[in-house]
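Two complexes follow with subunit A in common, the first pairing it with subunit B and the second with subunit C.
This part shows the complex of A and B:
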């Protein structure tokens, strides 16, 4: 008999899987997740992995599964703001975790690529679902992963064939639409890469209105041997919503995985990244930017597990905290005993702009092999005084110098996004936040055009 | 590689040099812990009633506490009822000079290479030597008395200076602070009390040698150092313990108070029995050390930790006063099955407070060595600065090195930097030495000592020599 946690059980009392005509694999998976969920306590400050994130307010609310009416009557215009100025891409749109084909555009994908919603895939390709669903690596599975497993309402299933290389990115757009209750939007995504393939994937989390929604997504990525996956995740939800997202990645031999995480939205957001380097010559890069203002709380937890010799990982997370916001970085590098010749680096830098903002940093190394090069660094502070002086000595006013440097601090991470239109979209957002003293949006646009 | 293996074997099979049991009759309380034992200890020490109440309060609180499990160490559960809480070398009319001290005890110190009389003459160090639980010899007390410096076993201080004790004991580490601190508060049997009056610079290094002696006796030391305004004191603590098969529990509490403008330097060399190469025996070292800095004051911790089966120790500082400064310099070496979870906490509360953390970990054999540290900048700590550096060196492929720093910053003017690296001894450096005719063993000694140099620099002369010897001896010939 499983011991049920009462708070945990109460929290999900209004949740249910949206559709019942699912494959047996999905049903089994839901059942397992539900059992694990019931025995997991609701995250609280006393849990080491939730030490700085207070969810007691959220625990009092009852999220409600989406209903069909959420998805109706939406037009392409509604999602236009998230199209990055109509960037050339293959788009799959999900509203409250539910696939909406009328807003999507995946017809022009190559013949061998499969890009469809998870429920269709489960009917057409049950073996894959059995092989991959819930199988990506995760150290310390937690409450929100189980919650998603039990109550997800669809998701994207993408299978890239061997030797496929494309310049055109795949864009997964997850939008939320609220109503009086706290809507629960949970997508479960499976990304499976073939050998020798290369692709860019953008995941965007946005809101269609300013009502609060609880987003709880899980993306499982299985990189292929000798493949490259560029994975950009943007969290741009309204500042009343909650976001709990996990990305679990398996990186086999000679493959590269590059993740860029940009978080600007949500009242409370939690970004969980678990990457396992399972083959020699594999490479994992995690770049992150979290810019909080008002009373936003941004929690980032990353785990990179080195399971195999000769793998490399590199991690840079940057936080900019204004207003009453709180930024948390909790990163762990785990090097197993057999993972000799590992090279792993981790850096967390936070900038505090106001006297009521907080920054917490917990960069951890857990190393069981001896022939390794591992390092981590963390800094919390203000802008570089020398850089400020340099600009001021050249006639730039203090306010503008501060704007420029803050903007530049953030752009270090944004620059790692290879898609021009996405980069431009983020530059503009960040300019509006930090470049106020520097110039108008038009100034910025003309400046940017010159640069291009 | 075969030769390296031999080196590693020779290292891992090294027996504890200082292991022996001194045969002295003991004055013991029965095993176990209850209110009667605490009353017995308190009565033995002629303590005032208030002290007994203080102990009982701590004990009652302890009963409801849970042993902490968050540290990265594993050990079989401790049976707190299977420990002797009081053991004293049999008293013979309280020795007044070294001549009256039990010759066996003096011989013990001789074996350790720290003969008291030699120290007295040579180094000018006042030694308040603690053999198990009762101080057996105190020197230089007179000279210190002239300056008004109080340097006493804590049990005597409780009797002779009740006001100071009442004001400061438990003011930094309250009896309810944590599981082991509460246990210590209930049953501590001895330790040291130092009070340096206003404006006095203590002319010599104060030093206490602790030694765990009676089989199955937990050592519960209590150290309290108060440096009054504008004063300076440097305190040395060094430890060795005889070889044992059963694990011994050591739960000490150290409290430092630096009042306005004062400076305290606290140095430790810890080389207790670490258990044999299979991890059998060895000391459990669960220590709470904390200091408080008032305005313009400074406290520095320097430690070299090479012993103990398990070390659980975080010398911390609360920088309460404006413009106060804290330092932590540590070398922790683990070998065989040793486990160390050690580090520091720097809590910045005052304005313009500064702290530096330099931690060097060395793991060999099957050991696990963790750094766990907290740097907290409170909302009022304007212009606070912290710099931390935590390096780990791995020797052999079966050991682990871990770093768990916590940075919590609530002030925008603060500047906090943390850096850590983990690596093995560089092949290039070894090759370079070999090429110039320096043998591998010697080269490792040189490299390790260079690696830990920053910390050794901080130790008082006598300790620096001892510490370097300790590291070189422990790591002879171990090639990664």
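This part shows the complex of A and C:
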């Protein structure tokens, strides 16, 4: 008999799987997730992994699964703001976790690539679902992973064949549409890379209106041997919504995984990244930027597990906290005993722009091997005094100097994004946030267009 | 234009400047030379308004204003410019944006209209030729990934665009090969006129071959211990700083 947590059970009382026409693998997976969910306590400050993020207000609300009318009457114009100026890409659009083919554009993908919604894939290719669903997501104790597993309403299934190299990115766009209730938007994504392939994947979380939505996504990534996956994730939801997303990655021999996480939106957001380096010569790069203002809370929890010798990881997470906002970095690097010759570097830097903003940093190294090169560090502080003096000595006021340097602080993470239109979109967002005092937006655009 | 009178300053309890006196008039080029640790860079930083120094005595009058009471940006707008020994990198802010912002702040202060993007680019391209700077550096983030020589040229470009009354060059020759040195010196020379002045802070004489000073001052242990014309620089080059040290010791 499973012991049920009452708060946990209450929270999901209005959730249900959206469609019933599902494969047996998905049904089984839901059932397992539901059982785990019911025995898991709702996250609270007393839990080590949630000690900085207070969800007691959220716990009083009851999320409601989406309904069909959420997705109807949407046009390409609604999605345009998230098209990165119509960047050339293969786009799959999900609204409240539901695939909307009329807004998507995946017809021109190569013949061997599969990009479809998870429910179709489960019908067409049940063996893959059985093999991969839930298999990269091994954390085992995360409430929101189970919640997603029990109630996800679809997701993307991307299968990249061996030897596939493409310059054209795949864009997974997850949009929310609210109504009077707290909508629940949950996608479950599987990304499976073949050998010797190279792809750029963009995952964007945005809002179609300013109503609150609870987004709860899980993406599982299986990188292929000798492959490169660039994975850019942008969290741009309105500031009344919640975001609980996790990305789980396995990185086999000689494969490279480069993740850039940029968080600007949501009232409360939690970014969970769990990367496992499982083969020699593998590389994991996690770059992150979380820029909070008003009363936003941005919680980042990352785990990089070195399970194989001769693997490298490099992490740089940066927080910019203004207003009453709060930023959290809780990053763990785990080096198993067999993972000799590991090289692992981790850095968290936070910039505090107001007296009321707050940053927590908890970098952790757990090393069980003896022949490794590891470093970690955290700084919380103000802008560099020498740089301030440099700008002021040219006649620039203190306020403008501060905003220029804040913009600069953010930009080296943004620069790790390989796609020009996405970078430009983020520059503009950040410029509007931190750069209002110097020059007009037109100036800014013409200057950056020169660079493109 | 600039009067420094009995300036004494310390940082973190260490007395660095122990009574500096210096008069600079429009149209003049002054060089301050001295061994490492003599206080040369401190003097340059204090004139530009860097935080962290405590002025214990004396005053600095620039164009009739008490310079030490002004914030760094106010000094810049009044016409003081410091070319940094180690220019700072600013990722994500392009050279153009930075320089245009700075110029317009200064123009506003001087009661001039702000330049728009087109006029600014015309001006800056013209000035770039003075320092023989690669135009592609304009769109790049300030100093990021620039070579040592490019950074120094960029300092002189900023000077050429901002047109200060008093330019202070802090060890601008360090890290430059002879060609870059000539280019930088020629750039500074071409900006000279009867209304502005230059203060060159340097350890070595070689920059002064191309940027010829009217006066040379030797700074040692926080005081100017010797002043002369350009031949003093040559004498220092020949004899080193030891004789100055001996002389300063004797006079104590």
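Keep this in mind: the second predicted complex is superposed on the first by the 447 of 452 C-alpha atoms of A that agree within 3 Å, B and C clash if a C-alpha of one lies under 4 Å from a C-alpha of the other, contacts with A are read in each partner's own complex, and residues count from 1 in each chain.
In this section, contacts are C-beta pairs under 8 Å (C-beta built on N, C-alpha and C of every residue); 3 or more make two chains touch, one makes a residue touch a chain.
Because the structure is a prediction, the values reported are computed rather than measured.
Asker: Overlaying the two complexes on subunit A, which is it for subunit B and subunit C: clash or fit?
Answerer: fit
Asker: Tell me which partner A:160 touches in the superposition: subunit B (first), subunit C (second), both or neither.
Answerer: Touch status of A:160: no partner.
Asker: With both complexes superposed on chain A, which partner does A:400 reach: first (subunit B), second (subunit C), both or neither?
Answerer: second
Asker: Tell me which partner A:303 touches in the superposition: subunit B (first), subunit C (second), both or neither.
Answerer: Once the two structures are laid over each other on A, A:303 reaches no partner at all.
Asker: A:369 contacts which: subunit B (first), subunit C (second), both, neither?
Answerer: After superposition on chain A, A:369 lies in contact with subunit B alone.
Asker: Which holds for A:392: it touches subunit B only (first), subunit C only (second), both, or neither?
Answerer: Second partner only, subunit C.
Asker: Look at A:408 in the shared chain and tell me whether it touches subunit B only, subunit C only, both, or neither; answer first, second, both or neither.
Answerer: Once the two structures are laid over each other on A, A:408 reaches subunit C alone.
Asker: For A:214, using the defined touch cut-off, is the partner it touches subunit B, subunit C, both, or neither? Pick first, second, both or neither.
Answerer: A:214: touches no partner chain.
Asker: Least CA distance subunit B-subunit C after superposition, rounded to whole Å?
Answerer: Here the least C-alpha separation of subunit B and subunit C stands at 14 Å.
Asker: Which residues would you name on subunit A as touching subunit B in one complex and subunit C in the other?
Answerer: None.
Asker: Provide the residue numbers of subunit C that touch subunit A in the complex, in ascending order.
Answerer: Per the stated touch rule, the residues are 48-52, 71-73, 75-77, 81-82, 84, 87-88, 90-94, 96-103, 105-106, 109, 117, 139-141, 158, 162.
Asker: Within their complex, state which residues of subunit A touch subunit B.
Answerer: 48, 52, 337, 340, 350, 352-355, 357-382
Asker: List the residues on subunit B that touch subunit A in their complex, please.
Answerer: Checking each residue of subunit B against subunit A gives 70, 377, 379, 392, 394-424, 480.
Asker: Quick check on the complex: what are the subunit A residues that touch subunit C?
Answerer: 384-387, 389-398, 400-401, 404-405, 407-408, 410-412, 414-415, 427, 438-439, 443-444, 446-448, 450-451
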